[in-house]
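Here the structure is laid out as structure tokens; the discussion comes afterwards.
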């Protein structure tokens, strides 16, 4: 059955190569690494009718998904995650990076209008902005050096997203006190730099959040230990929302998503 | 496809020019600038059946939307925003200004009864009242002068609505203390007067809120920095609800909305 | 269209005059003014099928609504409010006064079983009891005299319902302290006695509330100012729920409701 | 119509007399009075399809309800309450007493699988355990004597269920302090012993509650005064959940329920 | 009827013996006892269409459930619990133990894609990790000896799952203080070691929880007393979520589940 589905996908979808365009690839690289980029996390559940579609019809619909992604990948960087089985209420997560949120909205509008999108219920949308680090300039030289360690190459199958809201007390502290606490916060994360990749988005005003913290790892136990360490530092007492929801999924290529949902 | 839809819209909808009537335009100006006006923010989601309508039927339905807006624009000022893709659970926001909430109710009743309205699920309704500024009379002359700066003309594509509820402690403070904190609050907003347009609605008793704060900007990053600044001042500690939800969308003309939803 | 609908209503519904019976009117007067009466606020939303009924069928169904109200009006006093367009999630509010909650239940059972009631989803039910004033006996003579002022006759088109729950600290205060705070609370309401009509229901044990406060006014801005005044007094700090939801609607005769919903 | 329905019920349902079996009656008596018995409160709403059934079909389905109750009444004591019109979101409440929760589960499984049960949506389930009184042994002799007063015989048409969760501070107090507060709590309830019947269920661990308090009365105003008295005592400050929901309904025999729902 | 269903099940399902494979059994044993294993609690409700299927169709669908479990049992240990009648909103609970959460996701994806799974709505998913005990090494020798007591063999029909989140204050305490409180916590649980089996999962970062506590017992009253004891110790004051939801069900073999749901 899987191979039959895979064959249908081959015929139906592989029209243009995925991310072959060098320019798109370099734009994607920029969007994923530079400050001043908007990151959107859009969570969707498949509606009840999806389960009732026969495989051929599903593949037609999934082709439209692939088409929409192709059409927008020059302007926005799109990553897809499978949440089904690991998170409540949502099946898919799209992480979209764009220079302007308007571009993200255009992608999501086209996604929702597509034949596949009509089976998607929007479960949540969160936005954040990448920025140059706030506190790092004041850290010790040793810590700055440590922070340059790069996470190990290879597969990071799990992704975890934890939304954060700080208390009013936190924002009321002076910059120096916050910097000291962030240095303590950062220190306990150093042992996990190699196995847990992190990315921070600033959300104040764009959503009911102050930060979206994004993690990738192939070692979930390390990630768990990292969170335990973060719960131990003083800065954690100024956090009034941590999770709610915590989103856990696995990273997938669009082709893998198509194959999985076709079944 | 888009041009076909646009042609259908041209034939079907452009019967009378939009806002051509000078009197309606001047009434609209008054409603948008004077105190003692009621502002209503009505959030709607399109129901599941909308996605199943064919384009021709959608255009018939969207014509009814345009008709209802035409019919009421002498009495109420209506602005439309596209939330889909940027906010959870709602697709459209109508901001309605009226001298009396009865008039707003009449518009929304006709909207719901229209052929288009039958596809709308009401997600939220918030009301506020415009008033002359409470604290400005006591501000320094310099600040009063600064506040006269007008936001830059041109497009402000993004709109953000943040509902606010103050704590009982806030209301228990004497007027002088609150005025001092509001002066600090206002001071940090001055750098953003030119790029972020603001409007305040007073809601106590009309809704589970004390204020609705409304923002327009083409520079979302400036808006984000403005919110960060507001989180830093002492008055923020007396806020017990900030957002929940934060509503983010893009401003659209009715014609743009019609064209987008027709697809 | 409206006149056609009105004609159908005339033929179909005006069988017996509304509230013509003198006895029913006097019973109604008693229920609305005396202590020891149960007041129920029942909120309903029209289901999705209602919007799909044709006008003739709607009128048949609305006739059943009118019939149920006629049948029960000897025992219970029924007022109807239109919430659609002004409140979230509910379209209609019935306020029912009865000597016994059993009678209210019988009315609501018959309403739900009626052809119209099958289109109603129950969104909320709140109960309270009218009582002789707790704190007034201890007020100053001047205040007692002021409180005798009657609200101005004429139309009060808006109705607002705000549920209240006091904190455990409030109930733990001795009677004298609470009386002093209630005197301050009452003092700030005096300027609004003429334009905002008020009624208080005691709910402890009957619902997750301590009080239901009910307001009628034609001047919503006065009502807003009244609430602002109430937020300023010391007693407000002992309120742990104020609204959630705040219910805002317009008072309608049953005939008006029938005409509006028939469209 | 009612008499037609009643006749159909007579033919269809009155096969065996309700609770005629002496053994079942005595078992029921034990379950309702002894400690170490599990009490379950199961709340159900009728689904939208129920309203669309014709009367004859409803009676067929209601016969299955009666059959399931008959089948289980040897092992579990079942009481039925009508919530519709008095409580939000639920129409029916079953109170089930059993020596083992397994037996309650078996009854509820059969109920859900029955033709009637297919129209029931489970709105809530709460469990508690009857125990010998914790604090009474330490009360004064006078209070012990007072507590022996029995509630007046006759109809108690109203039932109210209030779930309770105490704060961590309460459980952290030593037994002596809690006993003193419970004596004060009990003292204020004495004036209502005759008109308000009470029963206590212990829930810690079985549900997100510490207690389920159950009341029966024909005088709701007395019950309201009792709750006001309980809000005044010191022990109330250690309550962090009181209600949420408060459940109010009327006690009905199964035959009454069948007749009411058949319409 | 039951025997007819049982016969159909015999014909349809008993193709391969359940857990006959010795290797699978030993893997299961490891997964259930060793540290470093991921435990997932997945809660499902049967959708409205399930109740409308005829018995033969149900059995076809249940066969697919059994097939999916068979297919995955080499990699994951699967236990099934019946919640219907004892918990709100969910009918079934799957507890899945796996060396990697990816394997759990694969099982749940196949379950959802199966003919049976199309009737399942995901109500909740919680994850935790088994670890070697944190605090036991510092306990007294006597307590270590006591903890070696094994729970009595035989049937433990009830299972209870209570999710726990500790306060930021808890994590801010030094290890020594936490260890002292955990010793007090453990001491009060000793009387229940024989009748209440416990298992602990660590969740920080994997979910909006710090711990999932899992209990099995045939004596629910003992479990209730155990929880009361835990509410009394100092450590309980540092718990900010205990339950919400508390999940109560009965342990069933897959064959029992199939037989029960077939009816």
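Residue numbering begins at 1 within each chain, and the chains themselves are lettered A, B, C, D and E in the order written.
Definition applied: a residue touches a chain if its C-beta (ideal position, glycine included) is under 8 Å from a C-beta of that chain, and two chains touch if they have at least 3 such contacts.
Not measured: the values here are computed from a predicted model.
Both chain A and chain D are touched by E. Between the CA-based centres of chain A and chain B the separation comes to 30 Å, rounded to the whole angstrom. Between chain B and chain D the centroid-to-centroid distance comes to 48 Å (mean Cα coordinates, whole Å).
Counting only residues that touch two or more partner chains, chain E has none. In terms of inter-chain touching, the protein chains here make up one closed cycle, each touching precisely two others. The part of chain E that touches chain D in the complex is made up of residues 48, 51-52, 82, 84-89, 157-158, 160, 162, 220-221, 223-224, 226-228, 231-232, 234, 236-237, 239, 242-246, 248, 250, 260, 263.
Considering their complex, residues 36, 38, 42, 47, 100-102, 104-109, 112-113, 118, 122-125, 127, 129, 168-169, 171-172, 202, 204-208, 210 of chain C touch chain D.
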